[in-house]
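Look for chain A in each of the two complexes below; its partner is chain B in the first and chain C in the second.
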Partner chain A sequence: MSESSLPPPPGAGAAYTAPVSDAPPPPPPMVSVSNVTKAFGDVIAVSDVSFTVGPGITALLGPNGAGKSTLFRMLCGLAAPTSGQVRVLGRDARRDAEVRGRIGLAPQQDALFDRLDALEFVSIAAELHGVAEPENEARRVLEFVQLPADDPKPVGSFSKGMRQRVKLATALVNDPSVLILDEPLTGLDPVQRRRMIELFVELGESGKCLLVSSHVLDEVARLGSRVLVIAQGRLAAAGDYHALRDLMDDRPHRIRVRVDDPRPFAAALVERGIVDGVSIATDALLVDTTDVDGFGRSVAPVARELGIRLREVAPTDDDLESVFRYLVGGR
Partner chain B sequence: MTGIVSSPRAIAITYRVVLRQLVSKGRLVALSLIGAVVALVGWAVGRASYDEPWLSPEEVERLRLDDAVNTVANLGFTILVPIVALVFAAASLGDTREDGTLVYLWLRPTKRWTMAVGGWLAAITVSLPITVIPMVASAMLHDVGSDLVVGAAIGSIVGVIVYSALFVLLGLLVKNAIVWGLAYILIWEGLVAAFGSAAAKVAMRGYTSSILSERTGVDIDIGTLSQTVAIGVPLVIAVAALALSAVRLDSLEVA
Partner chain C sequence: MTADGHAQILDRGYRKYDGKRSGLVGAVRSTAWHSARSVLGLGRKARHKIAPVLVIIVAMLPAITYVGFAALLGGDEFVNDFLEGVVPAFSELPRGSLAAIVLFTGLVAPEALVRDRRDGMLSLYLSTPLTRRTYILAKVIAVGGLMSLVVLVPTIFYLLGMTFASLGPDGFGDWITVLIRIIVSGVLASLVYALISMAAASVTDRRAFASLAVILTMMGALIVIQILVEGADLSVNWRLLDPVNMPMEMIGRIFGDPGDYPEIGSERIYASNAGWAGASLGLLWWRYRKAGA
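Here is the complex of A and B:
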């Protein structure tokens, strides 16, 4: 990735540097996005985004509505950027039929040709891609995603997870060089998820370029090390997943604590240096800390020591939205 | 191995997919009922009595033919043919655009015009039997000779071809194409009759009615074009509409 450094965390200023790896020089980009903006009327869905991606898995991480799907649509040529340039394998998929034949897309939307069975659905994609033996190839990829090829039921009667796997099979059937998978793990059970992640890793290691979007951090952790973080249409961060994770762990967290007697409990937390700050809301304490683990270890013993009943300890900002706000705020 | 699919093959695949999606029991039953009404009216008008003492047998035959031609033109070419074509043609690619399945056709290494033609052929395949059979049945039940039957059949076929191409384009241009299409059929095609033969040249109904008029020799206000023009111009318009559909598909932002 060209923009392979994470943004400095708030307050770190210029002193922050991205982790340096001993990895060999990156291969030539298979996907390049240069200063791309996409507007729908007055709404800016993607704003001046630039990055390049080579072989392997790259996760596109961002909350719902961040612009991930719009970016993917532009990569596939389904939508044109308002400004900037998108290239896949050096070409514009919107204008170049040949390069469209080298892209596999599993879109986020659930729609399928509901009256076809899975084999027909995937075979049709294979035929339109000019695959030499479309039905055999369709059977192979259906087996790959663990769907029975001879199931005569129409895909309209399939569960969410099965439909998701039909989309994946369709994306794979032309043996694409670039695979674009928009929230591909949604609707899958844990076993299927593990299987799919193994499959993605295998495909990435074979030299294909996989762009996989998600709004779930844990999924991204299991997918691989390269991450593009999109928030509010902007590229908030790009780089190694572990560096991103460290950055997120170091950020201040806000935790809601419900106890029977909040005031003495708040005072004790501050006196003992367990928290950075406390505010007392109507029926709970709101605690700020950068050391979540330390707080977690201390909170119950302190309550026990003071004879105060602890009713709830819950993060208020452990969702991705707050992480992205933090990352965006740090730019 | 993958490669670029030949255009006839791409058309055939698109045709197959769209046809499977188009054919639903609800649509077929509802539209067949309209066709049945047209046939039934044909039977009723055919049974009407013209036994007036001051009319000669030739004049009675002429009146029967006039009534039959006007019934077929008004019910068939004004309502049945355009509405059936609208329902199937607007849905052929328009539904895929609205429900998000268009991506599975669009993101393939095929030429855009093959999609437009495939969708159009699928719409025609369903629309033709639902329109031509009741139109021919209605013409036969009027029992006024074979010219009306042939004129109704040719007019229906030409009508389905041109309306389907126009409504494939409409389905790609607007959401709620059925509403826009009905407005077009009722307002544009309907009002044209009020402005006579010159205005009829800008409505497809003028061409289909001309085919019927030319075949039967019965004057229809809006049907004054020669057979060549009445068949040739709609075909040219159909090709132009399909070309515009291909251009539209090329510029479309696919969800």
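Here is the complex of A and C:
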């Protein structure tokens, strides 16, 4: 996926394709989803979704029931698409055992043998992947996720954060090229989340493809800016969420403006038609405008003209949550 | 700390794995082995070992008893002749463990299958080189192998014990023939019991219910058929639907014995076992065709 490319219009179900540019060609996609639909009887869980994903972290966003986990299960080869094509590393994970060995899955549910300790559990996962020295590899990944390998406590007694780390270790034990992490931040405290995100970033920088689903938008924003937004089974948007915000022309941008004397300044902005709306808070104005560039060009001259000191101009809704609300809010 | 006293920061970053991967065979082997360990309670507290060990001991009791008698009393030609008339044939010994076998079916398959489904572990298994087919294969190997502990192992112990007590088959050729028959019949009967119990255990995600389902399938069918044939005087061919006795009958036929139901032809006995195995496999596959998806 390229950060500079334009995403399709929301809800179109159109393919997300790399743009033509002078930049070096993007690496070949590690995950490719083409016109995929998955139906469970009369219920369409995923509808005509297409995208490609390369190395690094890509966040899959969507409200509960949007189809994220279904999409992940199809990527891992656990479920077949009703129509369309899913390719991981260029192959069909349902039919190719080798490519399944290159995928690491951390499912949303607590899929753990509670009575085993972490080392035993991760060692079993290593054995299932046919790793030559399972215990050594289990120790390697447990060290990476910062869990003590020799802790004899069963994973059933672990905290949520520790269980999430066991799942990540299990997903990593075969050194996969593609990591599918379904809601890995759920139930973690802020410190654990920060640490987990640091691990993801490190893995992404090592060249792995990480697909991380979440509905914790603040944390997803810290994973990076590449997102796939799924709503009601359809791909609502894909790409850099800052670029997505810029595409939301029909929704005013909200900008906070701090000035010495807010009231006359607000009146001047409205009078000159520079803004669509303005509200006055204690020490700042909250300005709504669909023409960010025009506002940017005009705000300083107006302040100078009125003799008002301009202290701060900052966007307040140039964040992932704003983009997400816009894309899925009306569905 | 290094030897010269300087501190050292070790690289705790992610390291790649460049070693070998054993692929599908390793995954099947690992799944079968860990399933067997789980059923036998290996690596767990002692209380988890009590039930399987007790049932295995009960299954071994007839063989241990007869071998014990032979060892204590045997040796004299007259006594040996007497003992040969008293101790059961190799094809008949497993019938002495039938109660333990049925009990074991209610113990093994639920533990081997239900825990994976209940703990959501199927998605982990199926994201490895295993497919649903090979996952089932691994479980059949595990459950079948464990069933052989109560179906096959007592008879092998019996053969060895009787041989040491000079009551075994005559000559090396006969001995090998008996051993092969014990192994073939024991493996096939274990497989049939394993498949029937796995199919019954696959209908629920609750272990206790699964055990009940297995026992009810085995004993329920046995009782109903007994009533139909003995009480309602229906054809003896109804016994072909008996999942408890047909594998035992198959063991007898492999040894060339007429068995308990000589009026039923051997080919029908084999067909009955094949039918039970096939139907069980079909139900198992149907239950797992979308599991973990």
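Quick note on the criterion: the second predicted complex is superposed on the first by the 221 of 331 C-alpha atoms of A that agree within 3 Å, B and C clash if a C-alpha of one lies under 4 Å from a C-alpha of the other, contacts with A are read in each partner's own complex, and residues count from 1 in each chain.
Heads up, the rule we're going with is that a contact is a pair of C-beta atoms (placed from the backbone, for glycine too) under 8 Å apart; a residue touches a chain by one contact, two chains touch by 3 or more.
On a predicted model such as this, the values are computed, not experimentally measured, just so you know.
Peer 1: Clash or fit: what happens to chain B and chain C when chain A is overlaid?
Peer 2: clash
Peer 1: Can A:202 be said to touch chain B (first), chain C (second), both, or neither?
Peer 2: After superposition on chain A, A:202 lies in contact with chain C alone.
Peer 1: Which partner does A:97 contact after superposing on A: first (chain B), second (chain C), both, neither?
Peer 2: both
Peer 1: Quick check on the superposed pair: does A:170 touch chain B, chain C, both, or neither? Answer first, second, both or neither.
Peer 2: In the superposition, A:170 touches chain B and chain C alike.
Peer 1: Touch check for A:144: first (chain B), second (chain C), both, or neither?
Peer 2: After superposing on A, A:144 lies in contact with chain C but is clear of chain B.
Peer 1: Quick one: is A:125 in contact with chain B, with chain C, with both, or with neither? Answer first, second, both or neither.
Peer 2: both
Peer 1: More residues of chain A are touched by which chain, chain B or chain C?
Peer 2: Partner with more touched residues of chain A: C.
Peer 1: With both complexes superposed on chain A, which partner does A:68 reach: first (chain B), second (chain C), both or neither?
Peer 2: In the superposition, A:68 contacts neither chain B nor chain C.
Peer 1: Quick one: classify A:113 as touching chain B (first), chain C (second), both or neither.
Peer 2: both
Peer 1: For the superposed three-chain model, which listed region of chain B (1-9, 37-45 or 55-63) is the one that clashes with chain C?
Peer 2: Comparing the options 1-9, 37-45 or 55-63, the clashing one for chain B against chain C is 1-9.
Peer 1: Following superposition on chain A, which residues of chain A contact chain B and also contact chain C?
Peer 2: Residues 73, 76-80, 97-98, 100-101, 103, 105, 107, 109-116, 124-125, 127-132, 170, 174-175 of chain A touch both chain B and chain C.
Peer 1: Residues of chain C touching chain A in their complex?
Peer 2: Contacts found on chain C: 12-17, 19-27, 30-31, 34, 43-44, 115, 119-121, 123-131, 290, 292-293.
Peer 1: What part of chain A is in contact with chain B in the complex they form?
Peer 2: Residues 73, 76-80, 97-98, 100-103, 105, 107, 109-116, 121, 124-125, 127-132, 170, 174-175.
Peer 1: Show me the residue ranges of chain B that touch chain A in the complex, using the header's touch definition.
Peer 2: Chain B reaches chain A through residues 1-5, 9-10, 13, 16-17, 20-21, 99-101, 103-111, 253-255.
Peer 1: Under the definition above, what is the set of chain A residues touching chain C in their complex?
Peer 2: Interface residues on chain A, with respect to chain C: 73, 76-80, 97-98, 100-101, 103-105, 107, 109-116, 120, 124-125, 127-133, 137, 140, 143-144, 146, 170, 172, 174-175, 202-203, 206.
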